[in-house]
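Everything on this sheet refers to the single structure shown next.
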């Protein structure tokens, strides 16, 4: 039954804020009306429209897996007017959320397989929902080895540090590979770009899905590496970003060819992307 | 399908009654232009027009509308929606424009997400179409399956034949209106005028000047995104204004923004936007998937001739010709269609 | 040899000799009485060039697109368009050595809709001839005469100078310059109105505005990389059309181009809502003349802009 009230946001209250980096924060929010969370039904990979009243709306991925609890986590980078205002908000304050929108990672198809995540910079956020989904108590047994290869410009720019260095390594059958473009005194680990690290780690494509998200430049170099390693187009999954206003497939602007990123995406396989115009 | 007759002399009486019982939207002359506006009496209507300068799609997707008002203090939030649409009659829309509304329906009332604002107006509006009596040199509705006397999208279709209007009752909504004003809509002799309408449709269909043929066009656009054709003159001469999109009856792109005067209250507004503007797809970090006019011009025509068809099984153009008339630099979709047909034939 | 022939020959020569990589001119449009800008980049393509009383567009604005292109560009200009070229050069929008100006003295341009109302719509154009106070238009469906008084563009009725004041290659003979006095007649009519009536007049015009920005985009002196009205931070105007924002747009734009507007009248022609935009700019032109004794911007090569320079003799010490 189509939801005709899709343009109206629901009030949420901020319950926690984590400063990931100097310009990235993760907001944990709960709906003022708990029934909405009960029926929300968000799946890993979906997005929401956040309403900052007076500034407008912005499309943000839900970075928390639905298995984590009765809340939503949004990781937001401060890039424009709206995110600037959001970054100044405090725990206890409210804003609006509507969703969940878009398609989701094909987590059913991925069952029984190993998962290799490749993330760059801020873009670990959209795939984190799938990472936590696969690592959740509920679904851990459905997935094989979960590896996360993640890099950012510097140590300070690494998001989700507590997940990377504490929570995820403590879970069974995981492998975490972290790198930074530029080393400094805070960082004792590997220095180098993400695509190069992928080549080094050389994951085998056998029984595996690769889930990649990052800035366009990283994707541009990472995809050929995956191909060289033998990953087929159907095995490579990515999530795209576009300017969005309605997130309902109506306002027209997020189209790539005949597809709307807000409805037919943002999750696409490389096979699907190859059949679409290269206009994103 | 039922039919009725309205004597031309009784039309003002009908319009006056409709204006009293409904919000009546009809063509109105303003200096050199014709617009669809709310009228309060029959004499304000201008029915000797060919086609309006802006399509009546504004009855369903207004240039700007409030989606809700809010009161927001940071710690508290209240949202108030506007009232639903009032009972409305849209009178005098041409067949191309009523057909255009049917191309907007799948966009707004689509599978997963409805649209309360559009649906409320759609449900509460009776569309009374008015067949054309003249074909302009810029008209080409026939190319998309329409015609000057086509009733697609109208609840009632009026066709002027002699001193009467032949009225086709196309939907239950139309029937309900006809029954309410049964003293003006008479069924006597209605069937005899059907032939007159056929003859008019035949006559007008011979008057089209533009020869537009879509054969092979969709096929050449499928899977041929980087067609060299788009490197031609069209993007060079396009000045990137929004004229074509704003006068178009099938364009539906919109923007959403908040309007506030800084006192904790404000309105969220939805308004028309245009894919021809550079900032239409500009992302916050500065990346723009359609950075130059070439990408935007290509996107516009591919949307009309392919993408809309892919998604909704209907072509995204109805051949009203407004963009052809209004484009400052004479970018002409009929020429582009015929050029693409040639590309298809030479392939 | 007639103008069209000469035009094609000269364009061909420029391209063959590689003096330019592109010739921007007029080509036959999709209505008999319309032309469309054409961008010719090969000598064989010059047959697309045309000339006549249906060449209303000001092509000078396109020069801005080729400012950073590798080669040179030639552009066909009429009297009014040539002023745009001078302004673009003075605004450093393109360097002089990149541009070849093909100047064609213009006997007037006709309103295509008015012409098409009289002509059989599927006729094809054969020839046009200037007969002084009318144009003779020969078509496949017969010959038609259009009096300039009744069919010309409004702006051509008070044409300041039909002869391009900047021209590397002039095609066609020089034409007499018209009487200057009627030029501000409409502005004077409006000036006579009281404040309330003036306000009501402009409210009525601006309330029709779609904010399509055709007027801004076609204007040869509106060359800002990011227009103030497209800015998001801060958002001076939204995309909503209402009287307040429409008025802000038009009045602001008139002032932004004041002192540089060359009165080519394109803004007026392209407006899909028939808003008489030129009257706004003409008021400023009239004031420039009255207050600063300044001729129309762009009307003399090398002239300085009245609002853009300070002379020691100016009455105020500061601009």
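Letters A, B and C mark the chains in the order given here, with residues in each chain numbered from 1 onward.
As a working rule, contacts are C-beta pairs under 8 Å (C-beta built on N, C-alpha and C of every residue); 3 or more make two chains touch, one makes a residue touch a chain.
What you see is a predicted model, and the numbers here were worked out from it, not measured in a lab.
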{"item": "B-C or A-C - the one linked by more C-beta pairs in contact", "value": "B-C"}
{"item": "Centre-most chain, if every chain is reduced to its averaged C-alpha atoms", "value": "B"}
{"item": "Per Cα centroids, the chain farthest from subunit B", "value": "A"}
{"item": "Length of the line joining the C-alpha centres of subunit A and subunit B, rounded to whole Å", "value": "39"}
{"item": "Between subunit A and subunit C, centroid-to-centroid distance (C-alpha), Å", "value": "51"}
{"item": "Distance from subunit C to subunit B - Cα centre to Cα centre, in angstrom", "value": "32"}
{"item": "Where subunit C touches two or more other chains at once, by residue number", "value": "232"}
{"item": "Multi-partner residues of subunit A (at least 2 other chains)", "value": "80"}
{"item": "Contacts with 2+ other chains: residues of subunit B", "value": "255, 257, 273"}
{"item": "Subunit A to subunit C touching residues, read off their complex", "value": "80-81"}
{"item": "In the complex with subunit C, residue positions of subunit B that touch it", "value": "30-33, 53-54, 63-64, 137-138, 209, 233, 236-237, 239-243, 246-247, 255, 257, 259, 269, 271-274, 277-279, 324-326, 328-332, 334-335"}
{"item": "Residue numbers on subunit C that touch subunit A, as the complex places them", "value": "232-233"}
{"item": "Complex contacts: residues of subunit C adjacent to subunit B", "value": "29-31, 34-39, 57, 61-62, 65, 113, 116, 121-122, 208, 210-214, 216-218, 230, 232, 235, 238-242, 266, 269-270, 272-274"}
{"item": "Touching residues (chain side subunit A, partner subunit B) in the complex", "value": "2-9, 11, 51, 53-57, 79-80, 83, 89, 92-96, 216, 241-243, 245-246, 248-258, 263, 277-280"}
